[in-house]
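Take a look at the structure set out below.
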Amino acid sequence: MINVLYFASLKEALGTSAEEIEADNNITDVGALREWICARGEPWQSSLGQQQRLMASVNQQLARPDTQISDGDEVAFFPPVTGG
Amino acid sequence: MINVLYFASLKEALGTSAEEIEADNNITDVGALREWICARGEPWQSSLGQQQRLMASVNQQLARPDTQISDGDEVAFFPPVTGG
Amino acid sequence: MPVVRVQTKDFDTDAIVSDLTQGRTDIGAIVTFTGLVRDLPEKTLQSMTLEHYPAMTEKALQEIVETAMQRWELFDVAVIHRVGELQPADRIVLVVTTSAHRKDAFQANEYIMDYLKTRAPFWKKETTDAGGHWVEARDSDDEALSRWD
Amino acid sequence: MPVVRVQTKDFDTDAIVSDLTQGRTDIGAIVTFTGLVRDLPEKTLQSMTLEHYPAMTEKALQEIVETAMQRWELFDVAVIHRVGELQPADRIVLVVTTSAHRKDAFQANEYIMDYLKTRAPFWKKETTDAGGHWVEARDSDDEALSRWD
């Protein structure tokens, strides 16, 4: 399973902060995971679609679309950060 | 009269912190004043000669060799500053 | 050892600076940056809530600090960032850098803030009479990074 | 109104920052620079004496601060510089800048320090077992100025 987390405005738009997604062969990297989530339709399509500027992390490290993921990883999606 | 002040290592080398110099027509700017002082020989020649890197001010404003001076001005010579 | 802390409570800048400097005679320069909650131009801000990604936040800050310590000659760094609900004028973040020389202390501090602003998982939500809204990231923060390349 | 002070006694950074920030909700960034007396590499420094040109010093600092306030968006600036005899680890100078944005607060603070180091009439004399000697100006301080042109 991949543990997927959502934060801030993304969490509110989806109405959830976490879900578990079955790791299968089609989800090899962050970009593929994002597409897989969007393919389920609304509300994910609007909130995680390519038109949305989002950041992602894999196991608490900032990640890119081509960052590899595998079973047991924690993957987070979130809007651009605004701390400080 | 021109009120001439010396600070820090320059003051110590000359053994004096201030002197009054008669304003006359040959002393129209900071450079001319410095030359006039040096022309008196030692210890001024060594301490204020062109080989010495010095800063100068006229009436408490940083000055250049061509800054004009006139009767009643306060002119200071000092080594490069080292505060902060 | 750099200090990195994420906390809800306020911090005491003097005490943190003292911890980094006490007993040393080799420090020539201390730079502190403090970020505060600014009211909105119309003075309508009731509160600001800072959310973060707890498992990642300190890790991300630690990484930024380590990069700064490799890049500049620093004795020490402290980064304190608050989360939770804050009021206008409250302190949000403190970055302290100590060095023999001012240039290292200044540049490392600015570098840490630039990276914190664009890489550390914090999000600000402003609450006014009209409700809550998430603060948008600013392009100028991304641009600030480019000069460190 | 900017605060510029030259004094023999130590200063309280927290109190000075509080003076600049109290009652305001528009400040987003506070940068402080503190310069300290560093011991010599051989740990032989007994004391450091700071001489200055009393009639000129505050005027020179005021001018530097005014230029910074024209160049960056600042709410306020404080510059405190000590003179007289100091010990290793003693505070020498404090520069505080407050602004809506961090970039202005950082850059103005660094600018003020770069100009103070090369334009304000202070001189340092170090005393060791071997006697006293005047600190030489550093070329790197002159170079630091060039980027503000």
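Which chain is which? They are A, B, C and D, in the order written, and residues in each are numbered from 1.
Please note the rule applied: a residue touches a chain if its C-beta (ideal position, glycine included) is under 8 Å from a C-beta of that chain, and two chains touch if they have at least 3 such contacts.
Since the structure is predicted, the reported quantities are computational estimates derived from the model, not experimental observations.
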{"item": "Required steps from chain A to chain C (each step between touching chains, minimum)", "value": "1"}
{"item": "Chain centre separation (chain B, chain D; CA means) in Å", "value": "26"}
{"item": "Intercentroid distance (Cα basis), chain D paired with chain A, Å", "value": "48"}
{"item": "Where chain C and chain D are represented by their mean Cα positions, the distance between them in whole Å", "value": "23"}
{"item": "Sequence positions of chain B contacting 2 or more other chains", "value": "84"}
{"item": "Residues of chain C whose C-beta touches two or more other chains", "value": "35, 102, 113"}
{"item": "Set of all touching chain pairs, with the criterion as stated earlier", "value": "A-C, B-D, C-D"}
{"item": "Of all residues in chain A, those that touch chain C in their complex", "value": "5, 7-9, 53, 57, 60-62, 74, 76, 78-84"}
{"item": "Interfacial residue positions of chain D with respect to chain B in the complex", "value": "35, 50-53, 55-56, 59-60, 81, 92-93, 113, 116-125, 134-137"}
{"item": "Complex contact set, residues of chain C against chain D", "value": "13-14, 17, 21, 24-39, 43, 45, 88-89, 100, 102-103, 105-106, 109-110, 113, 140, 144"}
